[in-house]
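Think of it as A, B, C and D in the order they're written, each chain with its own count starting at 1.
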Amino acid sequence: MKIAFIGLGNMGLPMAQNLARAGFAVAGFDLAAGQMDALAAVGGERADSAAAAVAGSDVVITMLPASRHVESTYLGEGGVLDYAAPGTLFIDCSTIAPDAARKVEAAAAARGFAMIDAPVSGGTGGAQAGTLTFMVGGAAADLDRARPLLEKMGRNIFHAGGSGAGQTVKVCNNMLLGILMAGTAEALRLGMANGMAPTVLSEIMAKSSGRNWVLEVYNPCPGVMDSAPSSRGYRGGFGVDLMLKDLGLAVENALSVGASVPVGALVRNLYDLHSKAGNGGLDFGSIFNLLGANSNSNAHA
Amino acid sequence: MKIAFIGLGNMGLPMAQNLARAGFAVAGFDLAAGQMDALAAVGGERADSAAAAVAGSDVVITMLPASRHVESTYLGEGGVLDYAAPGTLFIDCSTIAPDAARKVEAAAAARGFAMIDAPVSGGTGGAQAGTLTFMVGGAAADLDRARPLLEKMGRNIFHAGGSGAGQTVKVCNNMLLGILMAGTAEALRLGMANGMAPTVLSEIMAKSSGRNWVLEVYNPCPGVMDSAPSSRGYRGGFGVDLMLKDLGLAVENALSVGASVPVGALVRNLYDLHSKAGNGGLDFGSIFNLLGANSNSNAHA
Amino acid sequence: MKIAFIGLGNMGLPMAQNLARAGFAVAGFDLAAGQMDALAAVGGERADSAAAAVAGSDVVITMLPASRHVESTYLGEGGVLDYAAPGTLFIDCSTIAPDAARKVEAAAAARGFAMIDAPVSGGTGGAQAGTLTFMVGGAAADLDRARPLLEKMGRNIFHAGGSGAGQTVKVCNNMLLGILMAGTAEALRLGMANGMAPTVLSEIMAKSSGRNWVLEVYNPCPGVMDSAPSSRGYRGGFGVDLMLKDLGLAVENALSVGASVPVGALVRNLYDLHSKAGNGGLDFGSIFNLLGANSNSNAHA
Amino acid sequence: MKIAFIGLGNMGLPMAQNLARAGFAVAGFDLAAGQMDALAAVGGERADSAAAAVAGSDVVITMLPASRHVESTYLGEGGVLDYAAPGTLFIDCSTIAPDAARKVEAAAAARGFAMIDAPVSGGTGGAQAGTLTFMVGGAAADLDRARPLLEKMGRNIFHAGGSGAGQTVKVCNNMLLGILMAGTAEALRLGMANGMAPTVLSEIMAKSSGRNWVLEVYNPCPGVMDSAPSSRGYRGGFGVDLMLKDLGLAVENALSVGASVPVGALVRNLYDLHSKAGNGGLDFGSIFNLLGANSNSNAHA
């Protein structure tokens, strides 16, 4: 089976490498030549263009930054839809707007192609280790075709529903994650301003109805959890600007489908202010810092 | 050991009954005579006044609606501090402002009394079954004296720290719970407006980084979880107005100690609007309804 | 001068009628035949299609509900750009996204056409009376060509800047208006909950630093201002769903250009909840009702 | 007539000086001796204590930082109520919680004293120039007694209603002012991110339904209005921490009386974050800076 892999960035490259290492024929394309070299180093092929990668492939995988890149790659003149052979399966692993996913998949279907949306979670660490989680939208039969490839790149594969459902789950889950993080940071700050030790407070809440993923594995208060980015200066982890992008997708999607997300919108705006203050590259747990010092000096009478 | 129990409401009565059934001598006082009768029916005593209950007791337990009741019961003229015998231990199980708890405990200490704050979670069901969770602030030695009693009323006992720490943990945890609920409701609404089945979406998020107590045991979307109040018309459970009270304590406490809780404040206001629309008596998962129908009709172009 | 007027709705019809009454040759097109009859009744012409209206016109005016209608009317196959004669001036009076305005105007320019965006304020009353305000984006020379027509439909004409600037001003102003309304309603509710008469409070704030357009001409509390929609059951005026549309454009535009509008986003969400509760057709001052009764019953201890 | 003036800070000193210059006998007390010297320099007297100032005075005026100072000054042992002669009129010009004002005035009334709350706006400039605005709560007859004094210190005197109404109007107006400022800053940022000149945008909105006090006299964008603090580095003017105090009073009061102020609460939290980032001493228009640079770099795809 021949695979075209378009988009060899921080996520795409290790994913494509895992496929190549597993023995698949992978033709990669990226605007950065160095990324293609790194793929070739583990047995992949360099392609001169997206079109060249696509030509003669059985499966096309795309991993691109945003909706507009996916749209232009598939729908633009000389795009994937123009060059793919009949019967090709498209797998878009980018995180994009559900609307955009549905639009591209409808265009693919109109030309007779099968396509699934398969955004991931797990970060660059998961991409390298092959332990990503895939959230998949599309027909079950198409997911079955994709499964042998996805299993080389990830560990959990959820079938969320029809076209766009993978993106929808991603956007819902990550909006909720942003809310969990901001809410947990506020609860910890509130306790600390009352003089409580964050470790004790975290332990009790993790056993109570405040329990959530952030308290369990990603505590935003430095020193509470050695393995969390907060304990190493908020370096590594999942960046503020990536969370901001996902929250922006959620708010935009909510406007588009008429859903109400007042809390999600506020959390997006807090991340926006935090990013504009120069913290876009820190781990998203650093929202803890936006809430400021624990001093009592701002208390009013 | 003789116990005075002041405040025999929906929570206080079953707690006092559990102590009486366990063989303790419990003198109860409440403004409602019927509640005292119910205590007497399981072996407790009726007291004519708070003062009468307190006189000659080794331990005084209070379970009252709000800060002002606790303050007047302990600090008012002819209050508990005036009638208690030297060496009496005070246990306040009410949910009140951390500031108020610290104030009353300081007044008790100034008169030579030991006092702990021990608010509970678990609701009326937990009170009846004797499975409450206690979050305790105060000296370890005083908690040790209280423990044999608390163990008849509850299952988990957390020592949170010094005076007021029990109230602080309660307020932090419940603010976070309110945020988890509102955030989960929004994520479900967003997915559903995109056409997703809430059950599938809930399952995937519960295994992903959106995981939290609400998704695990208290899903706010009707039909997803049979055991949740949402599946029985939001009846029973933890009421909107109780959550609103706890979120009000959190916002008030944040103002008092200079902490920043923008998300908690918004969620309080959403519960406030929900209550004002006439939903104060429903389970707090009904915030799902505030977010409205899943129709697409409000989508703009 | 021959004018094509596309979109004869509640706003477009009276605008086109004012042009016809002023002696211009106006060929109108709308999907609703009755609207074209109403134009014909004052001397206009019925056109069989947008294309037929456009053919041979010197100026094309469009007044359509949303971005997608404007895009398809101008850019679609067989759209305005395909049928207009060289030298035609396009005036889009619709309220749409600044991005969409810039896109359509760029496409028009690429085909050699001049175009301005000229959204209005003043409502159906202003459209009928010919007293609208126009906020215009585009070249000054093109505005000069349009001015004799705009002056028959409105009273104030602001030149905001280049392409899209009319839409930008409209979106900024109306977001601010939504904030003024919500903020004024909150201030009045807060005073009333303290026992103050809303009339006295309004008078003092209108002379103080709380002064704003809402306090001056559009008080949302029933009975304070006879001329305001609040004093006639929130009927007439500027509807909740129209404000919701404009706030949606603001939030969407902010996402697109990277601006931060946390307060605007919250106000949009309050209008969204208000609309979902069934109030979309009331005047936007009815947000006063979302804030609920003045009772003290929700106060916590 | 003999006047006791307690609290000679940045506001109180120039107010007391204006009374002394107008020929009234003013005995001033403040913890800072230098402030009393400054009063003596224009003909006032130094008092050794609040009690000494109060003894034998016809009118007592207080100008203190917060509720707790007013409560202890009037209600504490050896406080004003203990030393004032029968028939003394109390005028509290401090900005404090309406609840606190009502409490102190009820205590004064119970001892047979007349009292009005008379908070001011106009800042230190208005205090020096004698052009303050007074918002007065209390009986009309008591205001009439106070009027000759107030007229030496201010220009506008509003009678808001009964006891506490002056504080209520102050809190409502200043919450609304905070909302106007944040909303105007957002609207300007949104326009600028679309490439608009802030001066043009401000001019058009000031003539449209976005019109408000901030656009008229206090534009937060540097360079738009020479007389505004924004055009001199946000120095002078009304400080962030003072606005934060007033917004805190509004949120606290809303909790107390059961009013809903979701927008006011968000704006308070934005000022709180802005203060915690180190900007507490700047003019409150600097919230414009919290919204960050106008770059497009945070826009998502």
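We take it that contacts are C-beta pairs under 8 Å (C-beta built on N, C-alpha and C of every residue); 3 or more make two chains touch, one makes a residue touch a chain.
Please read all numbers here as calculations on a predicted model, not as lab measurements.
With centres defined by CA atoms alone, the chain at the far end from chain B is C.
By number of C-beta pairs in contact, B-C leads over the other of B-D and B-C. Centroids of chain B and chain D (each the mean of its C-alpha atoms) stand 38 Å apart.
If you average the CA atoms of chain B and of chain C, the two centres end up 49 Å from each other. Under the contact definition stated at the top, the residues of chain C that touch 2 or more other chains are 248, 252, 255, 260-262, 266, 270, 272-273, 276, 290-292, 298, 300. Considering their complex, residues 248, 251-252, 255, 260-262, 265-266, 268-270, 272-273, 276 of chain A touch chain C. Those residues of chain C lying in contact with chain D across their complex are 98, 121, 133, 135, 156, 158, 160-162, 164-165, 168-169, 171-177, 179-180, 182-184, 186-197, 200-201, 204-205, 207-213, 216, 218, 250, 253-264, 266-267, 270, 290-292, 294-300. Chain C meets chain B in the complex at residues 65-69, 96, 241, 244-245, 248-249, 252, 266, 272-273, 275-277, 280, 290-293, 298, 300-301.
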